[in-house]
């Protein structure tokens, strides 16, 4: 990931949490008081984002020395995830932002991993969506990759997705595809949303690169996959959950996209202590 | 809420989601194509943040005309929450950011409301914490208020909270309080974390304004409240959930703080349609 | 184009040109002096970017009324391209930035049009590259479209392009493609640079989506197109100029990319007058 | 030049080119892969801006070690201009922005040098104008100096230039000069544009510091220089090209300003390789 | 103080003072010329802000080595306050901003100290107000603390202050207090402005935490303090000057707030020299 | 003045003063409560900056209607300076920033006017320096003009000033002037600081445009003016106060520069009321 571009966002996050200063700690600690802090897991989960935590602390302590657990490792309650030294005032001012970020990223990686484990054995990609937290998309999509998932498009400019409103406006899938194919960079695949088998057939006829089966029943999905017969990639989307994903994978789709990876992951429990 | 200060953050969120342009929609719609969009609830929840959605659309359509449901209203599946007109290209480019924000805010308001309903009849405040999403604190704390909750401090500078590390560094609660009282603006109350009855007594002796009972059992909490006897405000904190909150309230504490309000609320289901 | 996201860049451009104020004009004009300004062509060219000029003036005059020539129109010396009214001080302070931008954009559109005219009759796309002016990429790529060209990827994240260094690091085209296909979003096509026919064959074997023929002779290009036989898109790249482009198109390639469109276009001659 | 103020602009340029990440390179290289990169000239030109290239790489590699050719040196095809080591991912992500900048700056320095060589022997300054690329003025004006040229004012606030619209609004050159002299800081010279000998005489009468001969014929220019007789600096402006500049210089003007230095310089051919 | 958050403001200040470059010094010094600079006091005062001066120089010279006098020390004419080495060009470009800041901060600390000395022996806090220089509040409030004063609220969100307009809108102090107490975070004290003894009594009845005696005579202030009798903190405000402050302190108020500390402090005389 | 470029600075100032919201007013007023506010003078002074106050309110109330006193008018206690209507919450949140700015600007204009009145009858310019408040230079220099003064250079790039350190580094005034004249844009005058008559003579010999007499006695200043005899502009500088300025003017200098105009002006007393 392009970590270095995060420094401005991290500065904003710290400003949000520190305000005009840490009125409590500044009354107690001197700028020269040193300490050794660590992050400790209070539960089992997939570790993600400790390098981001380091970036947060580096905003305050530019020459920070630290050690941390690698992203993707499964950790359990009591494991030390991150350790660093520095002025106590800086450690305390960076604590909450760093924790808020990594707790969320670990949560996303852990939920992604659950979905990935569920489809083990099927040649299918678990992918995210654009339903991410505003301001945190690059980080959240990174956590999905840490959890074994893949990324769908990052934004409206790096992927083509023709949806119902686009189709309606053009009159048909064929015409919508034709218009977009004419205008879009040749470097992007053309993906089209289909809600039923008739639309799937129209997509096949239009030779689209990816067909998104939108909120279909398992039965219809199965028929769609057979109809498509490998002529394009097939993505299942809509209301996917841990209970249904294995059956969805069994239909033979290539990709399953899940908004819940980023909008419904629960924060993992991590806290900071001092040695 | 100070809505006008959000415009820069909203511009960043839109930039994140739009990138260099909506390659699909720009191939299909002309800048002059007009449309009427609406947000529709797909579930029951407490509505929060529709004015924020309006601000997102206004970034693209400065003179936006819109109608929306008031914050705090209970809505149900099928209810229209927000309606506006404008260029289709602008509506589609603002859609995802607006939805990502309001789905989260409705989720927080709805979860807060659940906790608030749970303690009905007790004179207790449900408050949030600093465990918010980096970059969204003002919005998330607003959603807590919409849900009937109250705000704890917004950041390290607008509230004093003396925790274990502060106490350890000073040798005693008395000394920590003395140091902070000497340095902090007189406009701030002094809050201290206590983990047992001995520490509660030390807080009472130090005449602190607020005593936070940190991760205490219900039994110890009850004793602490009696010990304090109204001489300071009492806040219960740590691992509060819907199952335990009513019992906690019954101990007589004045305030119950819950990190889950902001870090574990699930997104509400809302989607955008065109008339 | 996503015009509204340009306002911050335009503010920076104006700041760069105005500094602490227009010391000459402020000595002469009062803030209430009104004027009518127009842009006039001093040459023949393809008009591009007058809406951008309007955005520059709007930074100073938010409720600007203006009329302008549509992008893509061929204009000739003496044609009026843009007209607006407002305080003379604002018109004079916006003049240079607006002109500097549109002179460049018209230059790019005009040069692109020259290339496009040159390949008339061939089913080939003229596309740009990442060799754009830092800070102006979205605008310059827009001007290429105005001139009848198409866009290659906008940046490193919205297109895959496997080059010699990537291939060398992996040991073979097959392995590089395999690595990237595994990691990249499924929404992106895989493009690979080939320098000779052996590499073209490796690309075909790896079933890449787009093969870029890098700096090949016309003869080799012809053989490559035959070898590929429609199994993937073919892009010609490297040292393309007006003298050679028609021959390149005649080889049957699908796409011709030209850095000169953006790094070597000459500014068109436009000046501002007052009525 | 005040290099350190460029870091924010460089960060924006990199963001523009990298987007959400280099999807190709990140699939292939690990963050720990190291490489040695160099810039190589593919043509003869005046070198300018290698320290700027270093700043671009430093954004990614803060402790960059590098060597580079000095600005102003004449280089030829095959010369190594810049060398540095670092993580391959960082080198590849900085490559395009660094090249786009230095190719332009070398182009400007080289074109300036051509004009400067052309007037050898005449005591005349070649100067630039405000016709620079929005966002790059400080860099482009620096490249003019590298090429042996001088700078005209940087913006509307650090130089006085009374033009036709100012004069028309005041009724006469005398009155315009009087107004501006009264208001402008005493640290700025007063420059006035004259289109004919009558206006030149009015400038002389008004005792202006610099008279700009705007688009005059060589004959009129010669008469103007004689008329002025050293009582003020004389600047020739308008449509200056390599074919005409020596004759212009021979008229005895002190300064020749050329917009083409910055708006029409062609990019020099430089590419990056790995050792 | 949270020094690290100042770097962006300092960059803006330097940009304001340097513009497009130091045209004089750049003509004379080479980027490699080194020098040793020092700040020297030209008067007696309380030193404040030398670490801020260091931050200004660090913007130009990231690895600056420096020594400086500690904040709060009383210095006299001829004392060296700050010393550092570095490129002369950088030292000269940072000089004016650094001096402008520390001269103001020393002035504020010195004026605060004068007030503090004046009330020696009385248990009263001298505090500042929100009448600070826009953009410099954190720095100016820091200088007040250096001078022995204390801070009132930093902004509208970290302190409650109910003023006449609030009271008028609610109908009574009781109702205003009730409304604010219901809405404000429990971490903030409730302060109310009272203009006469009747309002003081209403404040007492409403059990507010702090009563601000607004522009009262010494006599009324004395009566107010007696009426309050320690039931809340008492703050005197309005037109406090060095001549009146000791008498005000003698009334028994706990806090005296003085806008003049920040809006009327005179700059101390400090200049920079080279060894 | 270039007012429109101030909007970003004003947004920062408001953010500084509002923080996360006006906790007091938001508890009392609804967003729909309207009010009419006015600024009232509590003293006699020269009015300056009411349009700036309007810009502050416009940040909150974009379509603000207001009336205000013209800059430069002499007002007296009780005069209404500014009136506007809008939501009470917005008026209260903009109040302090607007007042802090205009109180300072009126102070500067008033002090400048005092100096200007003092030299009435002498053909001398009162000018400011770079000793302004960081972040407020454009505003403060505007206030100097409102008070009848003039501006010295705005920053290091729009004026040449050769000082002792420059001279020392070059060995002589002649050499320093020669170096700077060679490098600086021809649009800038050359100003040199002289500390004694020998240096004045060197300046005359070097044909500099402006000679700054630095901290000279009245007697030496008189001799210097005679020595110079109109061959260059003469600026007096250093320790100028109201008591000495008329005598300084009587020596025949053209310009008198005074740092105190901006670093020592006292804030004028203005307060906001509601109708």
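The letters A, B, C, D, E and F name the chains in turn, as written, and every chain counts its residues from 1.
Quick note on the criterion: contacts are C-beta pairs under 8 Å (C-beta built on N, C-alpha and C of every residue); 3 or more make two chains touch, one makes a residue touch a chain.
Computed from a prediction, not measured in an experiment: that's the story for all the values here.
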Same-residue or different-residue interface between subunit B and subunit E, half as cut-off: same
From subunit E, the most remote chain by mean C-alpha position: C
Whole-Å separation of chain centres (CA-atom averages), subunit D against subunit F: 32
Separation of mean Cα positions, subunit D and subunit A [Å, integer]: 45
In subunit D, residues with contacts to at least two other chains: 18-22, 26, 93, 137, 154-155, 157-161, 183, 185, 188
Subunit A to subunit D touching residues, read off their complex: 1-2, 4-5, 8, 137-138, 141, 154-155, 158
Subunit B-facing residues of subunit F, complex: 11, 14-15, 18-22, 26, 59-60, 93
Of all residues in subunit F, those that touch subunit D in their complex: 125, 127, 150-154, 157-161, 183, 185-189, 191, 209-210, 233, 235, 254-255
Touching residues (chain side subunit D, partner subunit C) in the complex: 9, 12-13, 16-29, 33, 88, 92-93, 96-97, 99-101, 103-104, 130-137, 154-163, 165-166, 169-170, 176, 179-180, 182-185, 188, 263-264, 266-267, 274
